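First comes the structure, then the notes that go with it.
In this document, chain identifiers A, B and C correspond to the written order of the chains, with residue numbering beginning at 1 in each.
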Amino acid sequence: MPTKPEIQGTAHAPKHRAPDEVLVSMQDVEVYFQLRGGSMARLLGMDTGSVRAVDGISLDLRKGEVLGLVGESGSGKTTLGRALLGLVAATGGEIRYAGQDITKLSTRHLRRLRGDLQMVFQDPSAALNPSMTIETAVGHPLKIHGLASGEELHRRVADALERVGLSPPERFMFKYPGDLSGGQKQRAVLARAVILDPVLLVADEPVSMLDMSVRAKILQLMLDLKRDLDLTYVYITHDLASAKFFCDRVAIMYLGRVVEVGRTEEIFADPKHPYTRSLLKAIPEPDPEKALPRDLPRGEIPDAASPPLGCAFHPRCPEAFDMCGWERRDLRALIEAHWTRHEALDFETERGTIANLDDLDEPSHEAVVAAGRSSSPVDVEDLLHRIREEDADEPLWRGVEDMTLTDGGVRVRFHDGADPRLRPAGGVEVACHLYPEVEPAAGEGPAS
Amino acid sequence: MGVFRVLFKPFGQTTGLARWLLISGLLLTAMFVTFALFAPWIAPYGFAEEVPKKVAPPGDGFLMGTNDLWYDVWSRVVWGSRTAIEVVILAVILGLLVGVPMGLVSGYVGGWLDRILVLIMDALFAFPPLLLAIVFAFLFRDLIGGGVMAVALALAVIYVPQYFRVVRNTTLSAREATYVEAARAIGAPGHTIMGRYLFSNVIQSVPVIGTLNAADAIGTLAALGFIGLGIQPTDAAEWGFDLQRALDDTEAGLWWTGVFPGLAIVLLVTGLTLVGEGLNETINPTLRKRRLRRFALPPRRPAVEEEAAR
Amino acid sequence: MNDRMEPVVSVRDLRVWYGTERGAVRAVDGVSFDLLPGETLGLVGESGCGKSTLGRGLLGMLPEGAQTDGEIRFKGENLRTVSRSRLRDMRGPELGMIFQEPLTRLNPLMRISEHFEEALRAHTPGISKDTVERAALEVLGLMGIPPTRYRSYPHEFSGGMRQRLMIGLALVFRPAFVVADEPTTALDVLVEAQIIRILHDLRREFDTSLLLITHNLGIIAEACDRVAVMYAGKIVEVGEARQVFRDPQHPYTRELLRSTISLSTTGLNYIPGAPPDLTDPPPGCHFHPRCPDAMRVCEELDPIDQELSGGQRVECWLHGPDHLIGVDGRDRLRVREELSVADEA
């Protein structure tokens, strides 16, 4: 067997004990986006509601570490990353960096901080001005801050390009982004981000738009940059596999909250939150011996404008129980799921039993399932019983306090439930009712 | 640099029909530009120089004949090109200088400034252009006299809202682009973002509007001249004015005094419109269709084994 | 197990080239494979290797002006040469296609019910609404879409639901052959897993043969019986998924597997360089400039399709045939010039 030429990157060990000096400290950060609503609503000055993109997150970022923000799209990762750099205004909470609260700084003061806090974007093709040469684009931060010009600027741009592997620099300087491949563009974006010698780099899914064969190269480059320039990273991703390799700590996000946070090894060795567990199980591994489990969470990430009551994950959670915040909309989903499982004929005969499923769309712990025109409340009750018998283990039933017949239908009342706060559990922090809020003295397992 | 790249890229990118539109348009326009540039050498007489013959038919020393003001029609046509091109260039440049920055700022800054500007521009846009041109021609004639500048200004006013609208709308969408956020992330202040990041990306459709407006300006200029609000005949030769003078001649059976200025207007308008449409075909992605080249698939290469067997 | 079964689709020496200003793009350049009834064949490779072109070429959905050559045998007909109208008739009842971007393929102004009615009526004129509804609800049920949503509009569905709708629309006819081009690339892990489950269960429910195009090796491992690895317009390795993953025979397959970041990744590996420009691919084996095992013969002669044990097929000189490799053909290529990032994808 011939020996391999040096084609693979030097295996780099990213995991080292991070010193505990806190670089950035986030306290209850909130970013709400006002929904625009229709023109009518605006005219009448109605409250159109808001999207809670980031909904009360407290995290410390330690110097020299790689903190991963992991979650499905829509969980607020990008928004939190942008808030960290002051690119989007936080509507609540504080973000402390170098003795200042970023959320309260004026635009001018923020601009001065740009040298320290930098960002790498998900789509390298969109992150570069299409009508600016690579040299101008990469050197622009220096020019804006008046740090270099002329020959000096040219030299520093060349250095930065060399550093990110775009060498010889002359070959790339005069090109436009359109002439570069995805990986090369992301390198140019990295060069622009490090040219000001920043302290913190927020990398928003830096490899997810790249071809798989380039991903490892860019991640390797980021590791090299971190080592050479003493950087701290916030690595945003939806890909747990790369987070496992790349991060020292990870925060798993769901609907604007952190649901689990801790050291990477601990989270991956013993995931605590049902969401984390599901994510881990759902990753298709390139190993045909492993098959995907059947008990994957149903449905998709709900609308952040009107999140589920109680624990936001409860409608999809395979381990949910009575405390988790069951509500009206879950009942609707359950009835629909029942019809989905059955023959079209059953649906035709049963659909008349219930008057209008849309009545169940508002969030509330109480539901009245009205009987259809040609049916009685007892029919509705029968239907619900049948659904219950079909799958007695369905966690929703654990949340039902009582079911009573009323004039027009069946009233279902659910336990009030509660919104689980982040709590320590075996070395990590989890936001889930399976773990008692106060750590028990003798390390008991999860209460279930 | 980037700006010129953006502006001139479509010229090189045209193919097929668009290329023919563009080339024929450019040829027509180039002809008139040549007249304009070299008028003193091309035209045998000055624009207000009286010749020995009045209303002589074409031929016999006067290529296009002479008219009732003792002018040589051919010379008037050539000098008229100079006026037309001057006015159009001035009008378009003035319109651009005002409309583009206003659209850029309005779209980027937003808020009440944007709302007020949009209101004003929409109001201007709602008027019939010729009416607007007439009103402003009156106004500027009183202020700075009836020269080229006054007419150019009046025309510019009617084009400003067009540039404003297009640039503002493209700015509104470009403002959300990642590269603009990236510019904020490196600490670029607002004017830098507008000047270095948005400007070159929102002016892509400006060449099209510019040329189409130029075509329109020729017509409007002639119309102003026709109703007597244009340039004074002693200031410069102007086709619309000549056309109006020729109106009475037609009854007397004198065709050449009107046909030649009229033809000049039609040709230049056509030329500029062709350039504009050619560019539009290229720039507007919905009109553009990527076509594959026809070619013949070569026969399959024999496998190495067969080759080796031979 | 399927040894004696007749293949549903049998492709021989298929070529699909595009004519561009830069020259002919050899997007698919001599591809042969069989697909058995109810079988799922995964097609992997870096982007730009011709996977989508192959998938569309099989169903005759290429852009005007693409040149094709070779044979696509399906139920006794050559799909490459049949008439356009015949192809149109077959699309739906016999052939199906699932795309990456479901929203762009659904008409935003039409209810889901209307989509199904339109699709079914095109092939069965006069079919009643009730019959359509019954057929549609059944397939939607299998996709996990509640019957109550039958009269909704596409925009009322989430991304994952839309993709299931597309799959349902393709499968309502129970076609014998379906091509799915990166059906989960735009979706989140959990939703992706749900869709993979559905695709995995397809063969049981519908007995459909599926060509599943993806760049995610995990999906292949999860949902495919066999896998074909494509590089620069050619299938360089094809075999049973288990076998290929356990013991990849082509250096490209091996490097691809090594460069994938998975939960068991402990170090970063990658293939240097990028797939070649298909207007002018390198001579001999197209992979030789990036191949760690390249030999002299690799840059001179096109590798030849070799069948290995277990039905695995490989196009690589490492597997012979020996008699064609000259005396010094097995010499390693001189140390390959460093492939800089300048050439990366």
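As a working rule, contacts are C-beta pairs under 8 Å (C-beta built on N, C-alpha and C of every residue); 3 or more make two chains touch, one makes a residue touch a chain.
Here the structure is a predicted model, which means the values were calculated and not measured.
A.B. asks: Chains in contact with subunit A and with subunit B: which ones?
C.D. replies: C
A.B. asks: Comparing B-C against A-C, which pair counts more contacting C-beta pairs?
C.D. replies: Of A-C and B-C, more C-beta pairs in contact link A-C.
A.B. asks: Just the number, please: Cα centre separation of subunit B and subunit C in whole Å.
C.D. replies: Comparing mean C-alpha positions, subunit C is 51 Å from subunit B.
A.B. asks: Using mean CA coordinates as chain centres, what's the subunit A-subunit C distance in Å?
C.D. replies: Their C-alpha centroids are separated by 31 Å.
A.B. asks: Write out the stretch or stretches of subunit C touching subunit B in their complex.
C.D. replies: Contact set of subunit C toward subunit B: 13, 15, 17-21, 24, 30, 63-69, 301-302, 304, 321, 324.
A.B. asks: Applying the document's contact rule, which stretches of subunit A touch subunit B when the two form their complex?
C.D. replies: 82, 85, 87, 111-112, 114-115, 118-119, 121-123, 126-133, 136, 140-141, 144-145, 176, 189, 192, 196
A.B. asks: Going by the contact rule set out above, which residues of subunit B touch subunit A in the complex?
C.D. replies: It is residues 1-3, 5-6, 177-179, 181-189, 192, 196-197, 200-201 of subunit B that touch subunit A.
A.B. asks: What part of subunit C is in contact with subunit A in the complex they form?
C.D. replies: Contact set of subunit C toward subunit A: 46-47, 133-134, 137-138, 140-141, 144-149, 158-161, 188-194, 196-197, 200, 215-222, 241-242, 245-246, 256-272, 274, 292-293, 332, 335-336, 340-342, 344-345.
A.B. asks: What part of subunit A is in contact with subunit C in the complex they form?
C.D. replies: 2, 4-5, 7-9, 11-12, 72-73, 165-167, 171-172, 181-184, 187, 210-217, 219-220, 223, 238-242, 244-245, 268, 278-280, 282-292, 294, 296-298, 300-301, 316, 336-337, 339-344, 347, 351, 357
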